[in-house]
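Below is the structure I would like to discuss, written out as structure tokens.
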């Protein structure tokens, strides 16, 4: 069995409509490319990306903060209940081949920090201009293509 | 989307042939019943159960101790890299609707402890006679049927 | 600087008076021997042991389940906020040179499992007759003396 | 018992001499003010800050990545073995009343992200000009005074 590529989409738990739309399209594009989506399993960017991926028949994994799997949004196919609170960010990042970051706050910054530390490629989609060393994309399709290309250059 | 039932199979990372055969059959039975298998993603009981599940086209999730997904056995479809070492046992248990325990050592005992604490039903298959309050089964089919019945009586 | 020996005391978060008295005496004895007490930082056995240690001027470290340090009992000198829920048990065990187990439930069983897995010596004080491979003690003084002797035989 | 204030000092595991000197002085200042130092327990900024604190008789707690307490630097008085790898950053931050950040890389960025998310005040000492919303200090004494003042305005 070949394992599918896994792309993490990170961003805030509350997302304005424009950001949610972007996240939805990123999720759809990930599914269209045959990759699996992993994220924090909750709301905002997480829910929108999962909805997009499911809309195209893609796989979705949610890495939850608590011990209650029913706290996952309804587009999560596999809910992992970590009970680790914010520290679950390290698991999301480690479980992905590449990361796409949308606008977000402290939690997203922690995930970017972990991705740097763990040497996972990060693509910033219309966000985080202040952080150096991130790859940049302007559209969902461009972000996913870039993430998959960068993922391809490292061992799974 | 209805989420599938998730059954954890726990046991030692090194398994004698008779225990591995039992684990393989438990994995097959889980898949045959349409449930998803979750375990620690490594070898021994973990590998045998995943092989059995994949043989029947089932879903397999491995909750790994380190940050390296390539450390999963080859029958794991989705590899979650926790970086949490032994404490990942809590995640395996929390992510399942019911647990089936085969012969094991300290790690398995920790998982049984977590399952009691988190109120997840546990079925002991030919093992752990010294621990009170476990459900008992003699065959893989009986263990899976009992685990699914017990899982059914709690909210996902 | 030589680091002091660290002894973990584990047991339930709710303790009947007789068990709490035992835990208090174990804490006092740990302090009297110049060792540091580590435990889960909450109530029942954890609070009683910490009170005993502080009564003799000993050091107490509480490894808390949540992110809120003010949830520690008032006899905890250093409160570590793990945010890891039940999985903090692995940290309590790994941070000790030896473990003393009083009567307890699932959480205590998980800690015993981790101690076996991590090769930390465990002394059962009037408890857990059903678990094989534990060292046994009948009084607090005997339990602490045995724990310190076993701790001495491993590298810190 | 009143618990002492706890200040986390974060920064890279390898530090050039100028940064190490700054970290040493921050540690000394924390001890001089009667506060406890918490950090990652390893080398570079972590070791220098702990050495400074011990030089003034202060308390030092190291939150280690692995399960081996002997991996702590020799200025750590209490070594907590988390086994959580990079995710221990969340514990360091949660266990402090305020955070002082020196120059660092991905790990430090993750800690800043957690501090924002957990609402812990962060003082950047000659570092991280690109991150908004951090408090700024130019000298170790100024950083510690500011951290303690900010710590004072939140419940322990």
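Going by the order they are written in, the chains are A, B, C and D; count residues from 1 in each one.
Here, a contact is a pair of C-beta atoms (placed from the backbone, for glycine too) under 8 Å apart; a residue touches a chain by one contact, two chains touch by 3 or more.
Keep in mind that this is a model prediction, so the values were computed, not measured.
Asks: Any idea whether B-C or B-D has more C-beta pairs in contact?
Replies: B-C
Asks: Report, in whole Å, the distance between the mean C-alpha point of subunit B and the mean C-alpha point of subunit C.
Replies: Using C-alpha averages as centres, the distance is 30 Å.
Asks: When the C-alpha atoms of subunit B and subunit D are each averaged to a single point, how far apart are the two points in Å?
Replies: 40
Asks: On subunit C, where are the residues touching two or more other chains?
Replies: In subunit C, residues 67, 83-87, 90-91, 118 touch at least two other chains, as defined above.
Asks: Make each chain a node and each touching pair an edge, then name the shape: line, ring, star, complete, other.
Replies: Basically all the chains touch each other, so complete.
Asks: Can you name the residues of subunit B that touch subunit D in the complex?
Replies: Where subunit B meets subunit D, its residues are 66-67, 83-87.
Asks: Would you mind writing out the residues of subunit A in touch with subunit B in their complex?
Replies: Those residues of subunit A that touch subunit B are 1, 3, 6, 36, 54, 59, 61, 63, 67, 69-70, 74-84, 90-91, 94-95, 118, 155-156.
Asks: Within their complex, state which residues of subunit A touch subunit D.
Replies: 84-87, 89-91, 105-118, 130-132
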